[in-house]
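After this come two complexes, each holding chain A, first together with chain B and then together with chain C.
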Partner chain A sequence: MNYLRLFLRYMRININTLLEYKASFILGILSSLLYIFISFLFWGTIYSYTKTINGWTFGQVMLVQGFFAMFLAFFWSIFHFSEHMDKLIIYGGLDRFLVRPMNPLVAYMFEMFSVDIFGRLFSTIVFFWIALQLGASMNIMNFAAAVVMVFLSSAIFALILVALSSLAFWIGKMESVIAVFDLVWNISDYPITIFPVTAQILMTFGIPLAFMQTYPTLFTMQQLNLSYFLQLIVIEILLIFIWLQIATFVWNKGLKRYSSYGG
Partner chain B sequence: MVDKRLRLMIISLNNLRAYFIDFLFRLAGFPVYIAIVYFLWKVILENSSLTGISLGFLVTYYTTMYAVRNIVEQWEIPGKISNDVRQGHMVVPLTKPISYRSYLFWQSALNSIFFLVLYALILFALSIVFHMTFTSDPLIILLFFISMIFAFMMNFAMFFTIGLSAFWMEENNGIVRMFMSVTSFLSGAWIPLDLLSGTLKDIALLSPFSLTSYFQVSILQGKLSLEQIIPEFALMIVWTLIFFLVAKFVWKLGERRYTGYGV
Partner chain C sequence: MEYDIEVKNLSRIYKKNIPGKGFRRIFPKKMKIRAVDDISFNIKKGEFVAYVGANGSGKTTTIKMLTGILIPTKGVVKCLGMIPWKQRIKYTKDIGVVFGQKTMLKWDLPAIDSLLLYKDIYEVSDSDFKERMQLYDKILNINERLNQQVRKMSFGERMRCELAASLLHRPKILFLDEPTVGMDVVAKEEIRNFLRNINEKEKTTIILTTHDMGDVEALCDRIILLDKGKIIYDGRLDKLKKKYIQTKNISITYGKVKNKKFVERSRKKVKILEEEKGYVKLSVNIKEHDIKKVISDIIKSVDVIDISVEEPELSEIVAKIYREGRVK
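The block that comes next holds the complex of A and B.
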């Protein structure tokens, strides 16, 4: 209950911040639109030379982009804290969370939470609209279930980043965490089924990219049956459990090594 | 003055040494990127109407592009400036006996020299193992290295100027993202500019951004003759001067607005 009250307070602060930085909000929307436009130009150029890529049409690839944009919206709004944890550790910012009467990780997550999720979901909507215009099919019920899959994938990814960032307790700067993010960004544009089977397995059980865009797209287009989809959800829940154990273990071990400014 | 620059470069080198593991993580993204390019274009070429372009050529193109962009791009500078402005850290560099711009420039220069040597070795090794074809003309290779210096300077001036937007807006992520989307597309990072069609191709080739990496990749791949390189070279020098003048002007405007702690 205390956590809920605290969360709501942080929300209020977040809303005030968002209202304060209107220009930044508008620029964020504009940058999303520009990214969509460039992505459209890129795929438009590719599809001017071919009709399908391993069975994927232009419209279906736009659906993949839409689901990845949705993943980013969830990740940046709720789990953004995991991307910057190394700086918190090495520059001593962790001190102020350690003196609070609550779990420092939860406190940091609440502080970094952004209510700008609706602004971020804007690009998702635009990508889906483009996909529909290009003839991609979407089943509404399946789409709703696919949203759950995307949300769970953002939680898995955040836990991976927490585990990686916590290594900063031992090895200092971990900009490699951002490199992992860049890596995901690089692959995210493409449906994973164009890659060899080994890579597909890695993108399902390693970095869960398949859950961020390809599986949700396939299910929304009714190209995955319900029982297979449910199995995938179970795998996601298992991955969350495994990564939660790893992240908590590394974080707790690291915390014991931490010495704040002034000892 | 030379002594100060040298010291700054040595500090940067020590940072690289201190965060060696982090650096290795970042380097791991390189083979993954090449693998993505290989599988994507393999599928596209199997189903496309593209003629006169081979998979080997495209893999060499994207590999060289990745290396060139990692050497010359200064994507971390806007974030650093924004951080210095927002958190009041700008006061520290302002009190140093070297200008803020030079301070950032020489810090970045060492990183770029380090990556230049590293990627030159990697590309040399790849050219032997995977038979990637690069120019063997010593004069053209020399021109490539000189063009890399100008590409670094152009990139620095551009990213520095964009970073200075932090003087006017608290949060400049949106504008930085917009800038990066446009420049990466127009510099040929998404797709070789030759594959674009009509007006889009003309716009990309006329823009100064094509001179920041597409030009360098084309030189190294031996696509340009000396007669084609010289005018582009002259244009690159002019654009470098323009970008530095703009950076100087915007810095003066921003400096007037800045009030740091205790200043």
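The block that comes next holds the complex of A and C.
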């Protein structure tokens, strides 16, 4: 099975879908502009009272926003499927993927792949531009490495969600569990070093929030040395490995209980 | 004898909540439902089998176990020498599946996009793909529809495209779950022709579930009848008819009466349904009387102008079997 070829085919299909709904794409860009504006207003207000928060300047916080937007771009474009898996299981949409000679999860991931990534990366770029205007320092090589870290963190989140939504085979609707993730993301546009140490550890190994903005920002600003950064990458790969095992285990167990629909 | 599909003592049991009142709604009782209950059958290569049963008789559940979607609770399924749910990737390369109620095509896009996708998934070569598309166009008149968005298609149009997509890779077995439901006569006829063609020319084994006995009569030699998860009949269609047809109707238009004695004799053997001057419609119980004898008596008794014999439709027979339960 040539997955690369299939990936390209799906990309073409997704672009075609996007072209069918051009207006939605443009609205998406407009809404991200609004999001950027509100975020800028919020942090701008706070920084009008103080120069730094626990060492973080306005420009640096904008970098954090940029990395978080990049995380969302990766997550919602590539791993979009993980948020909808429970519905796939409950409403029997899975049938379609089980009768094709492909790994059903990979097939579903490809199918849900959203080319909106270009629209979403747009807000990332705007945040970085704002950060530079505000005088945040950025090292280009370090930035490139940080992008890898952000990408890996979106994969970790996807795997956690796959593992959790596979519980839908037993439980049914998982909306409330997935809603918790939205809550988690509410605190994820803050640099984690402003939280207590225990919370920081939890945000590295438990729900690995720190990988999606704080560490990449610190490394881009050269406040993190290379060996420490590489250790963090190793931790990420370990987390991916662990969650991959868990997700496959739950998925395979669940598949045996799959009851489709009707009939 | 090599079989394409071997099913032995297959069961699928699932638990269903019995809804109660008040607190019982929160902690409902569980009940075991045998959707498919200990069935066995074999299907040879190239057979065209109708899998028929009332709603909720376990048809779709069986098909889903045969295609590897559901895992059996008990029993053995072996298709093309493989266990569907265990060797899924290898197995699904050799089968085609069409669910009438669910689309395999991308809803938002023209059908051609989905066909190209399936071409890549099943690794169909360009020349093969072209050849297939020509065949489809010849029988299904598909080309003009290919550039239309799937969601704007009528059911008949969509089904043509679904069939095309599911047969691109020349599968050895084709599973069809209610493909003609709600289609007009012309569309039905086209799809039947297409299926017959595929079955005869490419020796594709086809399993069809349907509520339309017209499909069964037009296409299948063999019928498997299902009731409450059990097989109640498995065999040739004509044998089922022979077994179940108890009465035939004879309509006669006649001139003058030739022989009063034969009229009396005939009247004893038949039930008269309608009668007017020069016309009579009779019903004969063929289990009790020899229909040839009855007809020859009639010909001797009156001056026959026109005569026709009708047997009840398959759908009537099947409806009767559903009502009465098991075939013995």
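What to note about this one:
Throughout what follows, the second predicted complex is superposed on the first by the 259 of 263 C-alpha atoms of A that agree within 3 Å, B and C clash if a C-alpha of one lies under 4 Å from a C-alpha of the other, contacts with A are read in each partner's own complex, and residues count from 1 in each chain.
The rule we apply is simple: contacts are C-beta pairs under 8 Å (C-beta built on N, C-alpha and C of every residue); 3 or more make two chains touch, one makes a residue touch a chain.
What you see is a predicted model; the values in this text were computed from it and never measured.
On the superposed chain A, the positions of chain B and chain C stay apart, so the two partners fit side by side.
In the superposition on chain A, A:96 contacts chain C only, with no contact to chain B. Greater residue coverage of chain A by touch, when chain B is weighed against chain C, goes to B. In the superposed model, A:9 lies in contact with chain C only, and not with chain B.
When the two complexes are overlaid on their common chain A, residue A:253 makes contact with neither chain B nor chain C. In the composite built from the two structures, the nearest CA pair linking chain B and chain C is 7 Å apart. The intersection of chain A residues touching chain B with those touching chain C, taken from the two complexes, comprises 21. In the complex of the two chains, the chain B residues touching chain A come out as 18-19, 21-22, 24-26, 28-29, 32-33, 35-36, 39-40, 43-44, 47-50, 169-175, 177-178, 181-182, 185, 190-191, 195-197, 200. Residues 14, 35, 58-61, 63-64, 67-71, 88-90, 92-93, 95, 97, 99, 101-102, 104, 106, 108-109, 113, 116-117, 120-123, 149 of chain C touch chain A in their complex.
Looking at the complex, you find that chain A touches chain C at residues 1-2, 5-6, 9-10, 13, 16-17, 20-21, 92, 94-96, 98-103, 255-256, 258-260, 262-263. Of all the residues in chain A, the ones that touch chain B in their complex are 21, 23-24, 26-28, 30-31, 34-35, 38, 41-42, 45-46, 48-54, 171-176, 179-180, 182-183, 186-187, 190, 194-196, 199.
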